[in-house]
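In what comes next, chain A is part of two complexes: it sits with chain B in the first one and with chain C in the second one.
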Partner chain A sequence: MPKLTIDGRPLEVPPGTNLIEAARRLGIEIPHYCYHPALSIAGQCRLCVVDIEKVPRPQVACNTVVAEGMVVHTETERVLETRKSIMEFHLINHPLDCPVCDQAGECWLQIYYMKHGLYDPRMVDEKVHKPKAVPLGPHVILDAERCILCSRCVRFCDEVTGTSELGIFHRGDRSEIGLFPGQELANKYSGNVVDICPVGALTDRDFRFQVRVWYLDTQKSICPGCARGCNIEVHVSRRRVHHAEGRRVVRLKPRFNEAVNKWWICDAGRYGSAFVDGDTRLQAPARRDGEKTLEVAWTEMIPLAAGRLRGYRADEIGILASPKLSNEDLFLLRRLCDALGVGAVDYRVPPARPGDEDDFLIRADKNANTRGAELVGLGGADSRAILAAARERRVKCLWIFCHDLLASAWPEGEVLDGLLGAETVIFQGTNANPTSAYAHLVLPAAAYPEREGTWTNFEGRVQRFRQALPPLGRALPDWEILGRLLQEVQGAPRPARAEDCFRDLAATVPAFAGMSYRSIGDAGQLVQTARP
Partner chain B sequence: MKPVQRVYLREVASGLVLTARHFFVNMGRHLAHALGRTEARGAVTIQYPEERRPYAPRLRSLHRLVRREDGSPRCVACMMCETVCPAHCIYIVAGEHPNPDIEKVCTEFTIDLGKCVFCGYCVEACPEDAIRMDTGILEFSSYSRGGMIYTKETLLSLEPAGPDGKPRSPVPIPADRTP
Partner chain C sequence: MTPSRPQFTPEQQAEVRRLQGLYPDPQGALLPVLHLAQDVFGYISEEVEEYVAGLFGLAPAHVHEVVTFYTMYFREPKGRHIVSVCHNLSCHLAGAPGILDHLRRRLGIEPGGTTDDGRVTLLAVECLCACEMAPMLQVDDRYEGNLTPETVDRLIDQLQ
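Up next, the complex of A and B:
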């Protein structure tokens, strides 16, 4: 492995590493725009220049591969001067419309100008004007004036999605990013060009003018959209409630995880957070009494629900758990089933239409934790048979988690008969749906950004999502609801935190043995059976 | 303290004499003024509200939103003022401007004057010179908190104070009061 020195610090890196990546290992940041570790090297922005001893001129760090004995300086006077001049070139035709630009606050032009620019503008000519606010597709909007032509978006569409919608047109300072004729930036991963755009040229139509980025708080999370479990960051607006039409979760951004999603997420996941602040959110425990729906307190609801569950024989209860629940929830549900002696438990409800799938990130299974439900050992019964038993009045208490059975692959009449056949239908979930309208008891659950937990993705990788917000209304995390019910049924002390549930899970279920929130960390950890 | 001062009587008497002298001298001047000698001025400061003291040109009075030539607000909803405001009393909602060169405009711009501390940071922070505190209006009391909330339309309707510092717009009538 080549040994080199960067800013006087020795370092050994694998051959083929470029200088930006090598310097990053030492915690030295070489400023750059066009370089992205996932894309080919363009060498267009020229900002990443460094001085290399025995080389007469500054070299671009992105396209210089480490060599044995190389001595690199990233902060010499000549490098700083070059950076400053290059920043000046980048900003010649930039409109400086930061007040109206959604990127302001997370813009690399702003950051590098403050760090490496700070020159007095010398440009006296009229700036070149280009198209502004041009929608490129359903999710992305282009401002060609702000573009610095780094070509990251073009390379993304060429190399990652392979759809090649974007190109650079015209010559010289009239060059601009645009769509090829007849094309639309409508691939399933189009939102990623907004993330990789270092400036405000490509911005999100969904996020446009919603919130200024400095009002956002971020929290590490996992996308609940499919079995892949892409690592994401949830961006929430909590300080100014009149922004973003009152939405709290205003956008999702991918979070790097080498083993799962690298730098990317799909558009379905990125724009799939609306349910968290949707109108259908269940906010208070409710009891249906004939035609009336009465809101009740949790202190009343828990004994009520536990009383109903205890009031039936074990074989009169059917539970349709959800593969959207976390490992912690499913484990507590398993304990509750053991305590009640219920055997008719399943989590599999087939969707009406099979989910779309591709060979990149999107999985056909649109549930985040199907693998976790398998591993926790819930189920054994057949969900359709449970519904059939309800129809035949053998199952009198039906407890449904999250599912909208009326939107499943099962015939509507069959589902309706089952729902109407059960004496007690308990619904537990985040949002109301046609199925929850038939519930006698409604237990409102906290959505994933409102709670802690872990999901197991299709590969068996257990990944943590964290709490970014307080639960809406009086909703509670599923593990908390189940813990309170377990306490009511069994008298066992209830877990104080999701971590306590996970500790019990790791101690009980062999697949999770030896795991803890700490060992899972930010990158996730494979379950025992999936480990090589 | 001298023993004679400790008795206070002499000090009380001299104080009374001073007060009485001001009273009678000013009464004489006011009587003379009322009888037509206009150059005689009593010791009253200013006959507010008929008369107003000249305000300093940099006085921070009620805010107003500056308009473009077409009457739309200059504000581009960049949220600088909302961000810098130490009292968090500015509430802006952004929207799309029909002109793509302007791009962004405030669809709502509300100031809660009940919270405002009149620091003037919003004026300092504004990159578009869209908000000023130069109306010369200081009388915007209200009977309720709701009456202290000023919307975009009210703020846009205000004019800057004249060269004499007098407000040129009428004092906005709070929502909780009928004219």
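Up next, the complex of A and C:
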């Protein structure tokens, strides 16, 4: 492995490493725009210049690979002077848009100007004007004046999605990013260009003018959109509640995980968080009495629900659990079923249409935790048979988690007969749906950004999502609802935290043996059976 | 007129293959093939870009990049003759502005425009490397220098 020196510090890196990555290992950040570790080298922005001993002129770090004995300086006077000039070039035609630009606060033009620019502008000519606020597709909007022509977005569409919608048209200071006339930027991963655009040229249509980024809080999470479980950050607005029409979850961003999603997430996942603050959120425990729906306190609801569950024979209860529940929830549900002796439990409800899938990230299974449900060991029964038993009045109490059975592959008549056949329908979930309308008892659950938990992705990777927000209204995390019910039914002490449930799970279910929230960490951990 | 679906004849397709064979990477032939397309179809419409992209297995956006980068591809119908007047330094000092004005009046169009009868497209261009004959212009693939309004008139009269 080549040995070299960067800013006086020796290091050894694998051959072929470029100088930006080599310096990163020492914690030295070489400023750059066009370089992105996932994309080919463009050498377009020239900001990454460094001095290399015995080389007469500054060299771009992104396109220089390490060599034995190389001595690199990233902060010589000449390098700093060059960076400053390059910043001046990048900003020659840049509009004074920061006050109205969504990127402000996380813009690499701002950041590097403050670090390396700080010159007196010398331009006396009028700036070149280009198209502004051009929608490129359903999610992304372009401001061509703000673009610094780094070509990251073009390379993303060429190299990652292979869709090649974008190009740099015209020449010199008239060059601009655009689509081939008549095309749209509508591939399934289009939102990623917003993340990799270092400036405010490409921004999210749904985030436009919603809230300033410096008012956002972020939390590590996992996308609930499919069985991949892409690592994400949830960005929430809590300090400016009057912004973004009161939405709390204002955007999702990918979080790097080498083993799961690298730098990317799909658009369905990225723009799929509206349900968290949506109108259909269930916010209070409720009891339906004939035509009337009455909100009740949890202190009333828990004994009520536990009473119903205890009031039936074990074989009169059917449970349709959900593969969207966390491992913790499913484990407590398993314990509750054991306590009640209920065997008619399944989590599989076929979707009306098979989900889309590709050979990149998107999985056909649109549930975050199917693998977890399998491993926790729920689902000895057959969900359709449970529904049939309700129709035939053999199951009298039907407990449904999350599912909208009326939007499933099952015939509507069959579902309705089942829902109407049961004496007691309990619905537990985050949002109301056509199925929940048939429930006699409604248990409102916290959405994933409102709670702690883990999901197991299709590969068997257990991943943690964390709480970014308090639950809406009086909703509670599923594990907490189940813990309270278990306490009511069994008198067992209830877990205080999701982590306690996980500890019990790890101690009980072999697949999870030895795991803890600590060992799962930020990158996730494979269950025993999935480890190489 | 460009037909809605551009299509090379079998002979032209053979020429495309010949051009592609001249380069280590067939993509190198993109510029000459675009010139061929311009000769055949009159100008490079978006449909032609898509057609040529198909011949190279490229995305239309990347052919569009090339076509918009270079000045010698016409993206709109052009006249039967192209008159390009140099307006760079030597020609400027030797009277190019007067020549250009004369052509403006004579043809009734601005640089970049085409006469209504489709006879002439007028362009003002950068140095054509013929300062010794300033002021000069290029008409189709011929250079004409030491211009005066009278010689320009005679040139224009000859164009069909």
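We take it that the second predicted complex is superposed on the first by the 532 of 532 C-alpha atoms of A that agree within 3 Å, B and C clash if a C-alpha of one lies under 4 Å from a C-alpha of the other, contacts with A are read in each partner's own complex, and residues count from 1 in each chain.
By our rule, a residue touches a chain if its C-beta (ideal position, glycine included) is under 8 Å from a C-beta of that chain, and two chains touch if they have at least 3 such contacts.
Since we're looking at a predicted model, the values are computed, not measured.
S.K.: Based on the shared chain A superposition, would you classify chain B and chain C as clashing or fitting together?
M.R.: fit
S.K.: After the superposition on A, what does A:P181 contact: first (chain B), second (chain C), both or neither?
M.R.: second
S.K.: Can A:H170 be said to touch chain B (first), chain C (second), both, or neither?
M.R.: second
S.K.: Looking at the overlay, what does A:A507 touch: chain B (first), chain C (second), both, or neither?
M.R.: neither
S.K.: For A:H243 in the superposed arrangement: first (chain B), second (chain C), both or neither?
M.R.: Only chain B; A:H243 stays clear of chain C.
S.K.: Which partner chains sit in contact with A:A496 here, chain B, chain C, both or neither? Use first/second/both/neither.
M.R.: A:A496 sits against neither chain B nor chain C.
S.K.: Using the superposition on chain A described above, determine whether A:A133 touches chain B (first), chain C (second), both, or neither.
M.R.: After superposing on A, A:A133 lies in contact with chain B but is clear of chain C.
S.K.: May I ask you to decide whether A:R212 touches chain B, chain C, both, or neither, giving the answer as first, second, both or neither?
M.R.: The answer is first: A:R212 touches chain B but not chain C.
S.K.: Please give the least Cα distance, whole angstrom, that chain B and chain C reach in the superposed model.
M.R.: In this superposition, no C-alpha atom of chain B lies closer than 25 Å to one of chain C.
S.K.: What part of chain C is in contact with chain A in the complex they form?
M.R.: 46, 49, 59-62, 64-65, 68-69
S.K.: Within the complex, which stretch of chain A touches chain B?
M.R.: Residue positions touching the partner: 97-100, 104, 132-133, 208-210, 212, 214-215, 240, 242-243.
S.K.: For chain A, which residues count as touching chain C in their complex?
M.R.: For this pair, the touching residues of chain A are 158, 163-171, 179-183.
S.K.: Residue numbers of chain B touching chain A in their complex, please.
M.R.: 76-80, 82-83, 91, 93-96, 100-104, 108, 127-128
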